[in-house]
Amino acid sequence: MSPVLEKFLKIRNHTEKICVNLEIEDYLPQSAEFASPPKWHLAHTTWFFEEMILQKFVKDYTVFDKSYRFLFNSYYNSIGERLNRGERGLITRPSVEMVYKYRAVVNKQMELLLQENDSEEVMELVILGINHEQQHQELLLTDLKYTFSRNPTYPEWQKEPLVSSNNQSESWLKVSEGVYEIGFDGSGFSFDNELGRHKVYLNDFEIANSLVTNGDFIEFINDGGYQKSEFWLYEGWAWVNANKVEKPLYWYKAEGKWLNYTLAGLKEVNSDDVLAHVSFYEAAAYALWKGCRLPTEFEWEIASEAFEWGTRWEWTNSAYLPYPKYEIAAGAVGEYNGKFMINQMVLKGASVATSEGHSRKTYRNFFHPQMQWQFSGIRLAK
Amino acid sequence: MSPVLEKFLKIRNHTEKICVNLEIEDYLPQSAEFASPPKWHLAHTTWFFEEMILQKFVKDYTVFDKSYRFLFNSYYNSIGERLNRGERGLITRPSVEMVYKYRAVVNKQMELLLQENDSEEVMELVILGINHEQQHQELLLTDLKYTFSRNPTYPEWQKEPLVSSNNQSESWLKVSEGVYEIGFDGSGFSFDNELGRHKVYLNDFEIANSLVTNGDFIEFINDGGYQKSEFWLYEGWAWVNANKVEKPLYWYKAEGKWLNYTLAGLKEVNSDDVLAHVSFYEAAAYALWKGCRLPTEFEWEIASEAFEWGTRWEWTNSAYLPYPKYEIAAGAVGEYNGKFMINQMVLKGASVATSEGHSRKTYRNFFHPQMQWQFSGIRLAK
Amino acid sequence: MSPVLEKFLKIRNHTEKICVNLEIEDYLPQSAEFASPPKWHLAHTTWFFEEMILQKFVKDYTVFDKSYRFLFNSYYNSIGERLNRGERGLITRPSVEMVYKYRAVVNKQMELLLQENDSEEVMELVILGINHEQQHQELLLTDLKYTFSRNPTYPEWQKEPLVSSNNQSESWLKVSEGVYEIGFDGSGFSFDNELGRHKVYLNDFEIANSLVTNGDFIEFINDGGYQKSEFWLYEGWAWVNANKVEKPLYWYKAEGKWLNYTLAGLKEVNSDDVLAHVSFYEAAAYALWKGCRLPTEFEWEIASEAFEWGTRWEWTNSAYLPYPKYEIAAGAVGEYNGKFMINQMVLKGASVATSEGHSRKTYRNFFHPQMQWQFSGIRLAK
Amino acid sequence: MSPVLEKFLKIRNHTEKICVNLEIEDYLPQSAEFASPPKWHLAHTTWFFEEMILQKFVKDYTVFDKSYRFLFNSYYNSIGERLNRGERGLITRPSVEMVYKYRAVVNKQMELLLQENDSEEVMELVILGINHEQQHQELLLTDLKYTFSRNPTYPEWQKEPLVSSNNQSESWLKVSEGVYEIGFDGSGFSFDNELGRHKVYLNDFEIANSLVTNGDFIEFINDGGYQKSEFWLYEGWAWVNANKVEKPLYWYKAEGKWLNYTLAGLKEVNSDDVLAHVSFYEAAAYALWKGCRLPTEFEWEIASEAFEWGTRWEWTNSAYLPYPKYEIAAGAVGEYNGKFMINQMVLKGASVATSEGHSRKTYRNFFHPQMQWQFSGIRLAK
């Protein structure tokens, strides 16, 4: 079995393992426009292989079901019309069982193809599809957590919450000004938005070796951080007031204690654990309150070898924009990254929900500044 | 077994029979604020018996699950806080299986109670609960149809659509002016909004002996009825334009033919079938286009013995308001009907989806004028 | 000078008198979709005469300005496209001065026409136009009050507020059941919605001889009336909560006292004054709290000779629907009343802002149940 | 007279000169949340001097009117509550005349102060206030144009439109990679967001010596540019579809010709004129369609000496973010710039509406990517 096929099957299998404790009911709801149902993730990642590879490279390929092109396209305009994004939770048929069958059939077809065709073009697309599926593995978890959190009974789905504690004493790493190189240059896979290795000029800066903890953030709350406009960006302040935000997503106060919804149910907030589920607005306000700022994505990338990372997506103060020489690929694949380069902020690192083997320091994750549902945290700079 | 218990078990059983072909997935989605999930209907009707009867009349009654009071209350303010109406589709737990278990346990408890307690107070509440469940049987069907219709694959759920054809030649029934009596006076059950039998003065009127058919309505469409403001109420015209309405709900035009989504899938529209799924606005516009009007609820009730009815809820030109001497009952039961007496129009009759034995000529159904998802049709008057 | 011409000139003149203390700035803003600018009222009432009469009956009539047909049409679909209703405050040109010139020119043209043509058709339309302008005189005042109230400096525009006190001791008038006649039957003018004199059957009822005062309503507030769901219609309760309503429009609490914005500025609320500026929802909740109800429009009309009325528009519990035999007139005039017969409640009587000579007991005013900006009050029935 | 006082009076006078042809009516409307009334601009710029300078540096200063602090604060949280941004058009009092009086009184007070106090602190604030007023001079013009454009009669306010033609033949300027210095370093005034002169590393790039013309953009339109999703950012495509955008703001097609609303009325679009009133989304789509891209703000600043600029605000592909070492000033002045550094894109240059003496190459203007109402244009890079 070729290493690519092996990896393909492993990743495909891992997606299904994530779902092993789900009830059929859990596969259905879309609890927000941004949070897709597990069933949809299972089908969409499969559709990606069928649409981008099987239809192109298997002669006379017959799709599993014609309606899936419409139902499980996410945002590829070049592939045609698609279900409105907010309606993914209304589609009860195909059943969950049928979607698993779809996965099995496409896996088999991919297996057959990969035994015959090891062209670079196919290999690249398979690797892209694998990485795409890994991204959806993380989304599947975070979307599921969001849906469960909307249930007033706070379901316990896993035995253990995905936490991570901060055992390091805080210290500041200093980096000297100068010209540095940024962007992916290794061998192996990267997304196109990491490419175009290029020089940037960085000024002297300091960056924390550890992440902000729950205890740190409670101090901000207790100091009235959510009520003081001077720490907030204008649109952050509007967001706080319109949504009455006064705590990280999933925190609840009961009898004077902070509780935290996790995939293992409601747990008491542990001060030493690393803070998660804050928006860019909260991250920026916290940093200003501390007399610091957030690092840029370039500072982060250069300094990253000197600190531990990987438990939280770390908000940076860099907007998600193209690197010099960035070029959008032709065809549907070109819609993967480039068209989102507006109104979003870069997050660096990875999180406890990120799939194994899917992290690298040049990775550029990106979300709108009000988003909280990822395992997003704060690292300070100054 | 007492007749009331027998009826109770029969109706409870019928609700579950309606669901017999559903996949678990079908029980979940809420496709609009007005269209609740089957799982919710199954649980809410059960909650009604637990909340209104078992908790009051069974000593030391222990509820099946404390969270259900919050999860499955529909709109009873006096019973306390409840889930937001639009979030019924997000609750994956309790599972469908657990809801059926809830039904069984409550049925058993009710059985025990009814063997011991045949007080008038309990009997009245059981009968109310049975009628409440029958109302939800119809809603379960119409909500399910709405959800299935949002799926671009148009699932076929039943073998046969719920149609009804009009075999009568049209004629006009004349009623002479005078004082007539309106409202429930029989023995047996009625809702409180039918009570207060009272006199009304009716002017001479004529009313059609049959309902408007698909073929009749196609003439209205073909004559540009949806494009001519002169036939529409001001808010109806705004509704038509804001929603780009140009046909009854569930109709689709394909290759020059009108198709109709039914619970048995997409079917060609049959001209002789009775029109369904029109709003009050469409009904009123059609009537004006025909040089007629809709009957009032009083005209309908007086004339109803002279015509056949029961396949469509028939829009009347009466607003849903209290009868003289109408009184709101004390407690939660008082929230059943009276508080909805604003901004809604009365529909008379019953439909193909109405539960057997749940019809009478004094029944006052009511919906907002833009609603189309019931099996609502048109009878003309002049 | 013919009596009609005399009346025409008098009413036209009165509209301008209302505006005598306005600054140019006051003529411009539209402070809500329902509240039009004074400039617009001045122009629209003039447009009505130009569009409905001069263009039809003056040979080779040249309109004052072609764009006015678009700018100053209110809601007549049959006359063509028009400015979006919410954009009336954006039109700075024509200037206020030009609108007054428009009025003068149209007045002159009408004068010439009326000296030549006294046909019944013209007379009827002139009388309609006069009554139309009188309706806008009241709206001009109430819209202006609404706009001024949005200014945190609470401008004082008049010397004296439009108040009216209740000097009567409360008593109940009894009316016996039977058949009564309803609707306009006199000579002189009425709107088409009052026509079709017809019989109704009324049950025994009692109706208060006087209106609810500020003092009465303060008791409701102090008893937590706005916080108790049991007194509210379902949609009223939603309205209260969505808009955080806790007092009549224009009331403000300062240092423990109730203040009231009037056209003469902020004044202390006088307990003996008649309550104004409540919605139907508030009226219905108050009535229920008092163990009473609102009268129907029929009860009101029959009983009206036995009590004083005319200072407040009195909410009834009747929906605004056509009388038997109501017919919509042909042409643009047919859009005057009939198309609004949905989702609105009838108000009887008249108010302190109603133009002199524009009241009669058969008058049917109508507004949506949440509207507060008219001088609307409460009379109880039981 | 000190040079600062002289400049102060000159700029204050210039604001009023802009308004010289306005009717009183034109001062009132707010035609969009982003487009404030002229009266508000006149008052707010005056309030700035009163609030930031007179109240602090004049002993026992009595404000002109206490309510102005609330009415004419724009977005300074530290100064307290203020009028909702969307309600600026509802405030008919103070009158326009009173606002001019306010200006005169504050001018006089400033004159007295500046004759006594030439401290650096005061000088800096006066200069800031002058630059602030110059910004509002441009906004006054662009907001007025927006309001006039909403009037279907398209008022002609000036004799001549603010156009500028492109006489240059297109050529590409090449800049070599390396470290460059960015940011304000001169003497004289700059905003705080230009400060922190710092090094950046630029890659080789080419930039056009001239701006895109109307004729260029018509080619994009004629090629179906607005209908091809592949040229658009994801949120740009959503914006185009939600708003049915298919041309620059103020363009209208009539009888096959493109017309353009200008402050001198509707004019035919001249192909050689420089394009204006496009959003960032349109600019980015056009650039991609041309196989190019937009320059970054750094590329623009470095290359700017080699080309002519100043007739259009030029969209860059740089997000508005702080320069390294940017620090937010203490107090209300600190709210001037920094809190807007999210979700906005930088525009470089200046426009035909920019006040004389208010331009420099380090200026960083910023707007949300959907905004079209400034004189914004396109310069290509590659």
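Each chain carries a letter (A, B, C and D) given by its place in the written order, and its residues are counted from 1.
In the analysis below, contacts are C-beta pairs under 8 Å (C-beta built on N, C-alpha and C of every residue); 3 or more make two chains touch, one makes a residue touch a chain.
Model, not experiment: these values are computed from the prediction.
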Chain B to chain D, fewest steps along touching chains: 2
Most distant chain from chain D by Cα centroid: B
Approximate Å spacing (C-alpha centroids) for the pair chain B, chain C: 36
Centroid distance [mean C-alpha coordinates] between chain B and chain A, Å: 44
Where chain B touches two or more other chains at once, by residue number: none
Chain C to chain D touching residues, read off their complex: 23-29, 31, 39, 67, 70-71, 83, 87, 89-93, 95-96, 147-148, 150-153, 155
Interfacial residue positions of chain B with respect to chain C in the complex: 75, 77-78, 177, 179, 198-201, 203, 205, 229-230, 232-237, 280-281, 284, 288, 293, 317-319, 321-322, 324-325, 328, 334, 339-343, 369
